[in-house]
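Take a look at the structures below.
In the two complexes that follow, chain A is the common piece, with chain B as its partner first and chain C second.
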Partner chain A sequence: MMQGEVLLDVKELRTWFPIMRGVIRRKTGDIKAVDGVSLQIFKGETFGLVGESGCGKSTLGRSILRLIEPTGGEVRFDGRDVRACSSSELRALRKRMQIVFQDPYASLNPRMTVRDIIREPLHIHEPGIPQEELDRRVCEVLELVGLEQDAALKYPHEFSGGQRQRISIARALILNPDFIFFDEPVSALDVSVRSQVLNLIQELQKSRNLTYLFISHDLSVVKHISDRVGVMYLGELVEVAPKRTLFQNPLHPYTQALMSAIPIPDPRVQINRVVLGGDVPSPADPPAGCRFHVRCPYATEACGSADARPKLVELEQDHFVACIRAGSL
Partner chain B sequence: MPKLLEVKNLHTGFYTKDGGFVHAVNGVDFTVEQGETLGIVGESGCGKSVTSLSVMQLIPPRAGRITEGEIWFQGENLLQKSEKEMCALRGARISMIFQEPMTSLNPSFTIGFQLMEPIRLHQHCSRAQARQTAVEMLRLVGIPLPEQRLREYPHQLSGGMRQRVMIAIALSSHPDLLIADEPTTALDVTIQAQILELMKETSRRLNTATILITHDMGVVAGMCDRIAVMYAGRIVEYGGLYEVFEHPCHPYTQGLLASIPRLDRENETLHMIPGMVPGLGHMPAGCEFCPRCSRALPICRAEKPGVYQATGQGHTARCWLYAPKEV
Partner chain C sequence: MGMIKKQDKARSYYADVFQKFRRHRMAMVGLYVITLVLLAVFVLPLLLGLDPITSTRGKAFLLPGGEFPLGLDGLGRDNLARLLYGGRTSIQVGLLSTAVSILIGVPLGLCAGYFRGWFEALVMRLVDIFMSFPSMILILVLVSVVGPSIWSVTLIIGIMGWPDFARIIYGNVLSVSQKEYVEGARAVGATHPRIIRDYILPNAFSPVLVTITYRTASAILQEAALSYLGMGVQPPAASLGNILNTAQSLTTLTMRPWFWMPPGILLVLIVLSINFIGDGMRDALDPKMKV
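This part shows the complex of A and B:
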């Protein structure tokens, strides 16, 4: 998997939101939602991104698609510089990169029928295709995501959460994209329905050779679906590794704490819990040095010094960690 | 052990817009013993929150009502109490923690005011004494600089801190029973771990019995002594923690446990429970789960199952598979 072709190459991506204060709305600072993230996603793989709320994972995903304009850095999709694209070039590129949002109740227009929702991307990206062709392709994707044909004429409110998420997936699939960004696609769903949607997402990847960026705050879901996993904390990637390596041997103290915090549905499993003190600091004023050092059980004085902001280093093969003490812990 | 709370055959329903009436809770029985933790698990809409609101009698009279059943708490039937008597009981002997720490604290009053209100109300003490107790409670739930926090407003605290305040309020008059309705669902996992640890620790120290309502099997596994699994308004499986996790008997419990991706295991494809939960107005004639059940028998479609003993004493399943042969 690792030696594959790079589809998405992100270098030092920064997305800062200005903080405006006072009557004249003067800029007084920045919220560093994404601050210097570099990652590569290979063709045909699923890259999972985990982190707690507010760590910048959704902002990162949206900045990659330029749904939010990044402040700095570079994004290359299949060799093309996404940030340098004009709006018409970007439109052509977006045909190949699609998104499925978290909340299936908010991301489907309640006044459109399912057929209109699903074929809207075709109207925009392939104007002038004949009616029969349109209908045929809508039928095709409906079948692909496991919905009945008569669903096409219904409205979103007639469907349950799991079915709505299938409609969202159908809308993303109709353009035959290469890359789909899933932004917490199963967080709003119940357990018994969640596994149906997760299995569908996996089957589609196999049958259509898709590349995924999959975001979730739920480590067990990410572990289930991903090939490689990145862990984010406060706007930075702190650890990236193939999933097996990461889950068997987490090297960053934050990853270790995050993993031990997940409740396991088996009363006999004893977890050596690393309970972190405190809360995630504000991204407007992140701690100097390593951003995790204020909550880290292994922090030394060196971790907090301003020039010691750790970079991702390949500690073992394909296993990148941003921690100055990671090797010695 | 003495029974603290005993709920018998509880039915709660709601009025619908077209003048009808639907049952959200349909004959629920359970007991909670002194100092133990009972977990009520189930997916959204299965009636777990309505069950807890029924115990507290917090169902808005215009929206719905308890139609049948008995709720015995320390030898008294709560359903025969007047609203005034319930008011004296709520917050003093039974307390509740709600899911959203963001919306369950009043944004226009200080933490101190909201924390001292129930203490003064139920313990009839002076302002200074209430203040003293409030500071102690905040310290108990691990909030740094409690004196200063008393003067702050909810928006100045993070989600985890707010939930700590909620726990402090709920435990301030040393209730015998604490009902926690999805106390950590709105929180991040590392904060969830802190709060669960805190709840375990404080309820042990104060010997409070807890009803923990959650949809997360993982949380239940780490916290509870006994479990009630709910589906479509009924308890489908009820038993000790180890019995239910190691020998799940009801096909719904089995499916639920199998469809969770596990952090401690390798899994290729996930188990799926086909279909979805039936709507409240469209319950099947037989077992509510049978349209989704892979082991359904002809009788499941026709008749509702009773409660049968599953693996041993105290472990029951509401499923025809466990019906005694002669029936």
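This part shows the complex of A and C:
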């Protein structure tokens, strides 16, 4: 399934948030939340995106859907330039790309019944659709996500976190989208329901031929669900590889540090943990050159020179790394 | 595949809210009292054929009893009739001026909080300016410029009340706009009017209900204060304030409690019941609140 048709093509995407200071709101700088990210997502695959809190994962996903306006770069969805879309073209495009949020307690309108929540996208995109048809399709997706029919008349606060996440998924599914962006969909859930929701997400992908961008800071979740994985650090993508390759043979020093932090449920196993010193630098003032060099155990002087900002390079087949020393480590 | 039961969603939601409201004891007491007051001031005068204007010659300060349960005032007018018509005036001024405040304040605060930018700066600075004036003094000045009448008083109290609504809805819109479900609405392609109607307003509105009751109550008090000072509803029309005005006379204050006790009590009853109803509505409209 690898290297099929490209559904989503992101080139050099930048999303900077201006920093305003003082009474007259003068711009004094930018938070470079996403700074030059390029990636491709193929039809039918799950692209997992990992990285620590604040590295720009969610901003990247939201910028792709234009829920946040990107500052620069290009996003092509099925060949169409998303950033060039007018607001009505964008609305039409939204029918094909959906989002499922992290916090199921904040992502459902508490004043709407589940039925209204789920059928609202239909009201917007297919106005004038008869009542029976609406009800039939709501019932259909409810069944698909494993909820009872009588859920339709209840309000979100009457459900558990896992059930609410199923409601979110149902709402995302009702328009038969091609692409769904999952923004840490299980990190707010109890461990016991996590795998159920993950399995549901996987089954839906198979039965409906969906393409996913799946964000998580939990490596085991990403390992479970993804086909390919991208690793983000401070607004940049530092490594992209098929799941197996990435977990067995991480080439970027940051990825290696991440992998070594995965707990192994066996007290006898000794692992050499790579413990990073220092903190993540501020995205308002990232280090010159390679952004990771100030914390990297292998950094040389060359890594910090301003013109040495590493680009993603295909070191092995399908395995991209942004590190000038990656080949020699 | 079973069909969803045909059921009017809106009705079931408000039925639910009303159920919760009914379990709020003080709110129900308030509702009963205000209903009685409304019946008393709007229906009773018609049934009894009361007349608050005409004087009965030579019977000024007639003691309570018989045909006139609260006696006659210094001009020989029926105290009971004036009390009921006065209550009617007060409630009318309170409700209408609050409506004026809502019509100005809610749209401005809503748009300021939702669209942000220069509009937000403009509206909220205006709110600051309005709130930094001692409103009673400003109302007095405006009324004396325009000339006191029931309509000018209603309008001016209403205009002075808009910042309360603008501020309360603005604050709520700010917090509701940050909710993920609003972003979710944008993600499915909902337009601004739809987002405001279905997401922002329903989730930001319940504090406005509380403010409605609070504003109505304080507008009634403001009107009473204005009329008491002679700058509000002008005689011969009755209002609770200008009836209380007669208690400025020491003789009336000490010797004729039936002149000022009933309007004072009626004023307190109206204001208290409205406030209790507000509390009940707030709790009932909160979907997370289990009463």
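In the analysis below, the second predicted complex is superposed on the first by the 327 of 329 C-alpha atoms of A that agree within 3 Å, B and C clash if a C-alpha of one lies under 4 Å from a C-alpha of the other, contacts with A are read in each partner's own complex, and residues count from 1 in each chain.
Going forward, a contact is a pair of C-beta atoms (placed from the backbone, for glycine too) under 8 Å apart; a residue touches a chain by one contact, two chains touch by 3 or more.
As the structure is a computational prediction, the values presented were derived from the model and not from experiment.
By the touch criterion defined above, A:279 lies against chain B but remains apart from chain C after alignment on the C-alpha atoms of chain A.
In the superposition on chain A, A:264 contacts chain B only, with no contact to chain C.
In the superposition on chain A, A:149 makes contact with chain C only, not with chain B. Within the superposed three-chain model, A:300 lies out of touch with both chain B and chain C [touch as defined at top].
Once the two complexes are laid over each other on the shared chain, residue contacts for A:202 go to chain B alone; chain C is not touched.
Of the two partner chains, chain B is the only one that A:190 touches; chain C does not reach it.
Overlap of the chain B and chain C interfaces on chain A: none, as no residue is touched by both. Across the complex, chain A is touched by residues 1-5, 7, 9, 12-13, 179-181, 183-191, 194, 198-199, 202-203, 287-288 of chain C. The part of chain B that touches chain A in the complex is made up of residues 43-44, 158, 160-161, 188-194, 196-197, 215-222, 241-242, 245-246, 255-257, 259-264, 267, 269-274, 276-277, 292.
Per the touch definition, chain A reaches chain C in the complex via residues 62, 65, 67, 90-92, 94-95, 98-99, 101-103, 106-113, 115-116, 120-121, 124-125, 132, 135-136, 138-140, 143, 149, 152-153, 155, 157, 168, 171, 175. Note for the complex: chain A touches chain B at residues 52-53, 160, 162-163, 190-196, 198-199, 202, 217, 219-221, 223-224, 247, 257-269, 271, 273, 275-277, 279-280.
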